[in-house]
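The following pair of complexes shares a single chain, subunit A, combined with subunit B in the former and subunit C in the latter.
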Partner chain A sequence: MRSSSSSTARQSFWKKLTGQQRDVTKSLGALIAIFIFASLLSPAASDGSNIFLQWGNLTDILRQVSIVGIISLGMNFVILTAGIDLSVGSILALSSTVVALLLTRWQPEMGYAAQISIAIGAALLISTASGALSGTIIAIFDVQPFVVTLAGMIGIRGLAKWLSSNANVDVGFGQDVASLFAAIFRGKPMIIGFYVVLAAIFSVLLGRTVFGRYVRAVGDNERASLYAGLPVRSVKLWVYSLSGLLAGFAGVLYAAENHQGNPNSGVGYELDAIAAVVIGGTQLSGGKGTIAGTIIGTLMIGVLTNMLRLNNVDSNVEMIVKGAIILFAVAVQKQGKDVR
Partner chain B sequence: MRNQSAMRFLFLALLAGAAISCNRSNSASTPEGKHQFFVAFSQANNAEPYRAAQNDLMTKLFAAAGDVKLVIADAQQDNSKQVAQVETFIRQRPDLLIVAPNERAALTAVMGEAMEQKIPVICLERDILQPNYTTLVRSDNVEIGRMAGNFIRDYLVAKYKQPKGNVVEIQGLLGVEAAINRHKGAAEVLQEYPDIKIVADPVADWIQARAKDRMTEVLRAQPSIDVVYAHNDPMAVGAYLAAKELGREREMIFVGVDGLGGPAGGIKKVQDRILAATFVYPLCVDKTVEIALKILRDPTFHPDKEYTVAPQLVTPSNAAQLYQQSTVTP
Partner chain C sequence: MPETILEMRGVEKRFDGVRAVHEASFSLAAGEVHALMGENGAGKSTLAKIVAGAVSADSGDIFVDGSPVTIRGPRDAQRLGIAMIYQELDLFPHLSVAENLVTGNDKFKEHGFVRPRDMDRFAEPALRQVGLTCSPRSEVRSLSTGEKQLVSIARALSMQARIILMDEPTSSLFDDAAERLFQVIAGLKQQGVAIVYVSHKMDEIFRICNRVTVMRDGETVGTRGIREVSPPDLIRMMIGHEWKPREREPVAPSGEVVLSFAGVTTGKLRDVSFELRQGEVVGVAGLLGSGRSEIGRALMGLDRCKRGKVWLRGRLSTIKSVADAFKMRIRWLPEDRKLDGLMMRMSIVENATISDLKRLSSMGFVDRLREREGALSCFQTLSLKSNSVTRAVGTLSGGNQQKVLLSRCLLGKPAILFLDDPTRGIDVGAKEDIYQIIGQLAAQGVGIIFVSSELPELLRFCDRILVMREGSIAADLDAGLTSQEEVLTCATQPPVSEAHA
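Coming up: the complex of A and B.
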């Protein structure tokens, strides 16, 4: 069964697709297993009900994974081209800072709706531009993505700190425009809704469009893609821009949720996003992986973290368990490769 | 292949389960029949010595109470993580929730959610943007400032038989609560004595090296200084070093604030006679546990909205004893 399933995996496009579906099904099975496990281990509430399965708790999990989840969608595209984007945590910080600054320090003569739109638009624009800059350098000068986005990670955080004098830009709870912005966007349905909608859009973009096929092709074999006349450079430029845009979205939601623009936020989020992508079955060597897998990877981390927290396990153990899952996920992927 | 990977995840899940069951057996070892209160404490960052000391003392005091199961979650200085941890605590419906907020704005909404769920909330040490707590236990930097002002006046009266003299005030980061209020409290006291003059008030951003530089400039300009009051101990030490370099350290005394324990802390500096005095910014945990036990055990008890814990004066006469205490209880 082993050799037959994997030796046919690369023979035709159709069979490759089923291979992907098989991977996703496998991950989904693991997620369901963890879910059942979490509900069995969940402590009971005072009325005897299962805390883990409470609607409020399940939506807590979704809300808690949404911000890294949104970042990991963009990261998925980048990794599919065999790249990496270390700058997303810093872009989140920059975006949260820009949106909060424009809402608290800028007093234009315009309506609240207009000012909120401009603030969000500016944050998304500067985030996309940050990603596009990395993408341009990577695509045109052919520098390793790790190095370029490492530079971005440092430089963009510096920019966020400089803009805010390294101080948090607090958003209040009053009647002003900034408070209104937070009140609108901090709600659970809003944050989860953004994640769901963006996940759907990017899933279609990867699975159903020519662009998605190009992304995979570039990661699978860049030289062959180039010879086949694919726009390799612009594909690269686009994936880093999209990654920046999504990190910017995450930053706007972060600012609303935490009532502040924080130039020191999002530290390590790039690694959480990479972890979610890897657990979801996307290979760092590029070409292979799905948005569905990444979403499942994100949820797996979320459910496991929640399970441990509900049982009051030391927060440092969370990190140990997270580390263990990444290794197991990679071990499963490696097994798939070995039998080819 | 599917079976194998399923096995691996099962193994992983068992591993997580083992971690949980280890944890459970700890909490299960309590005397049966007695009602156990569940207190959840969300700590901003265990890595800060001040906060680690809070955790240790709270664990000790609740253990001594006998009927409380305390769970501490460390947010590791991450607002999002602390919000998530508080949310999870809310689902567990503790009898009492204690939160030491990492930052004001970020924790305000989720603490409000706990209040809506009728969970009593004690806000520890740092205020939030809206009063989303049952009670706030804090210390008071204005009071620290007042105590410093009184100490300075008493010293000058002892020196000159009347309240007069020249004072240098070295300020922390401008606009920060601690710096504003440590100044305000001292000013309240010293303003009443026209002959006590603040001859210089440089800003040194809490940093020892910067205080040394600023103090050197002040020393060049001021021929006579009686007292240096710095908003924290490291800046007081920096001022001392500047004066020592110019051979003037015996002309004046140095007063700091913070009074941390350990060999690098302010208490040791008082013991070594570098500082004449410092003021311990208290952990606030004794009061928190006292109020917590009242809330848990007495349903008719209504706490005040706010409790202020008095700071403690450290002088050479009690420094050795306080140093001992601060190092014995880690």
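Coming up: the complex of A and C.
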């Protein structure tokens, strides 16, 4: 390998790792490098401390990445099957709209807890159904995922706009049920907590379960999977349903955090999620990639964005840098790969 | 001895630090057919690709017509009169024959626009030379594998190649198409074209080659005139030690009938009927496209039965999917291990256990210990050696890849096993290991259907041979009593009654 260290101890450690573990270790190294870089470049606060390293700033980064981070977990599964899900940004918008509508316009005779549960449940259900619909078309009729989810991206946003008459559904700061919902879910620990828990669950799902193995197999070689007796269709149906579910959950958190259901929210989130997955080492051609990689990819974007903002870099320049980072990450992963 | 037109000295090539070719020396005379032999992974394809410019050597000298050359890419090779026919045939399936010949061809002069008539005129001499009668306008994907091969050769000829490298050209040809290829090779030889012939097949090499160079572990072990050596000599050079062919005595099986096809008709099969008994090895011979693989597809529930019935141990089969077939303890090894069999980026163990994962898990979680043990026991049975079971299967040699796939079959403890050309393109040692396991399984009572393109192995290992032709069984022969000629005749010629009609 291209390890600069020549000590035999390091090398044998490196050799013991599987290819996958090596990729994750490399990505982790890159994340640490960016982290150190960010702390060195950070401006100092009035008391002379490092702003970047302040607890509040670090947790801010986590909260900022959580919503796209949750979406990217589902995206990771979809991409592992050699698919793509462009509809997640629209599903987020739909979910945030549905949950806000049910909390503000609907006044049932029931307790706050019950109404909040139903509102969230309905938002998640409609999100999962949207994903399942894409999944069904992709799996049964064998249409390209790009096309199906592109249609979903347009159609689902249309649905969100239609439901809300293309207006934001505001969630207040008072004592009503909607305000209570926002107060519960908008907290930093809550949002970060959800991301951490979901990341752990999906990491186990991919790495340890039969389903996770099937997902990778289908992405690696779909025909061989079919010939090996795997339930290829239901695997596809499930990954798009999960992607919809996670995007819907992200939409619920979005509504709480921003105090509104917004039919125009989440534009471009699908691309941010894809970027996180790709930076994390998952190949768009499927079959290879880990949740750990995707989490690292998500954090890389988060730390980088934070670093640029702390240094007052123009937000347009920020996009240029992000684009460059994606290319750089992919170029680094290309190196030292086994030739196929 | 005619003049040497290609010479290689001390050629070296590494992939990711792994030695593929080491200190290789090779010389080629004008008008000779020079065999390049060696087990899979011995470096013969890499050496050929270095000459063709598909891979560039790390060091070493290459001389063409006595002067040193550097070959940086296929264009350089083309300029030097070198062309390669790849095993997987590098043709454009959706383009016409003529378009395939002119694309990337320096000898075809085009000025931005191409006229179909010019392309036809350009292609015709080369097509005639290889004896292809199809129209230059026909789409390549509509041709048979043998014809595609000839198109590749015609392409090389139209580039005015003087050195043609052929990488296992007969690996997917049945004997009659191979015969045609040999005739073309003989013609080329007369015109002074030199051919490097990479192959595993002894009989071919002894038939058409003048000299043979053997490679082992990336090194060229030696070059011999074909008259100076015998097949056992070559095998000894290839594997570095003595090799004994093991034969399996055909047994008259008395076991219960485990599978029976009664008049099965699918899209590709016509009225196919046969029986398979416990412990029996039934060979299936036939040209590519004769329906031999489709028997497997019908068995696995991949092709719908339009007419006829499939019986399993006396019961009507209800198989509608591969998963159903697995439940009935039927396993198959698909023909193309890369496209239809393996997940190349997944590990060896993961590939072996993928079909039996449910059994090796609890509550949906994979029991990694049991998974590993299960896979390793199969690997041991198949003497699959690999230093690391977490390696991606794509990094293994062809023979070891096939063993991984066979492990997948064995893990299911099959009662019926359908093997679709299991020894295609793999080295001698791995072939022997696979033959041995087939013998063992049959002895344990597994009913085995063994499809193969190589008649000698069918004759050696099967009890009966079904010969397929155009979707029907042309003959059901006793392997102990039949001959290569008889099988070939049945596979290629229409029965007397049809010939009269």
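Keep in mind that, in the parts below, the second predicted complex is superposed on the first by the 318 of 340 C-alpha atoms of A that agree within 3 Å, B and C clash if a C-alpha of one lies under 4 Å from a C-alpha of the other, contacts with A are read in each partner's own complex, and residues count from 1 in each chain.
Convention: contacts are C-beta pairs under 8 Å (C-beta built on N, C-alpha and C of every residue); 3 or more make two chains touch, one makes a residue touch a chain.
Keep in mind that this is a model prediction, so the values were computed, not measured.
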Touching partner for A:229 - first (subunit B), second (subunit C), both, neither: second
Subunit B versus subunit C as contact partner of A:220, first or second or both or neither: second
Which superposed partner A:209 touches (first subunit B, second subunit C, both, neither): second
Touching partner for A:144 - first (subunit B), second (subunit C), both, neither: neither
Touching partner for A:57 - first (subunit B), second (subunit C), both, neither: first
Subunit B versus subunit C as contact partner of A:307, first or second or both or neither: first
Contact breadth on subunit A, by residue count: subunit C or subunit B: B
Touched partner set for A:49, first subunit B, second subunit C, both or neither: neither
Set intersection of subunit A contacts, subunit C complex versus subunit B complex: 336, 339
Complex contacts: residues of subunit C adjacent to subunit A: 15-16, 300, 302, 321-323, 325-326, 332, 334, 339-347, 350, 354-355, 357-358, 361, 364-366, 390-392, 394-395, 408
Of all residues in subunit A, those that touch subunit B in their complex: 1-2, 5-6, 26, 29-30, 33-34, 37, 41, 43, 45-46, 51, 54, 56-57, 60, 64, 67, 168, 170-173, 186, 254, 257-260, 262, 265, 304-317, 321, 324-325, 328, 331-332, 335-336, 339
Complex contacts: residues of subunit B adjacent to subunit A: 1-2, 4-6, 8-10, 12-13, 15-17, 19-20, 23-24, 27, 71, 73-76, 79-81, 83-85, 87-88, 91-93, 103-106, 108-109, 129-130
Subunit A to subunit C touching residues, read off their complex: 18-19, 208-211, 213-214, 216-217, 220-221, 223-231, 287-288, 336, 338-340
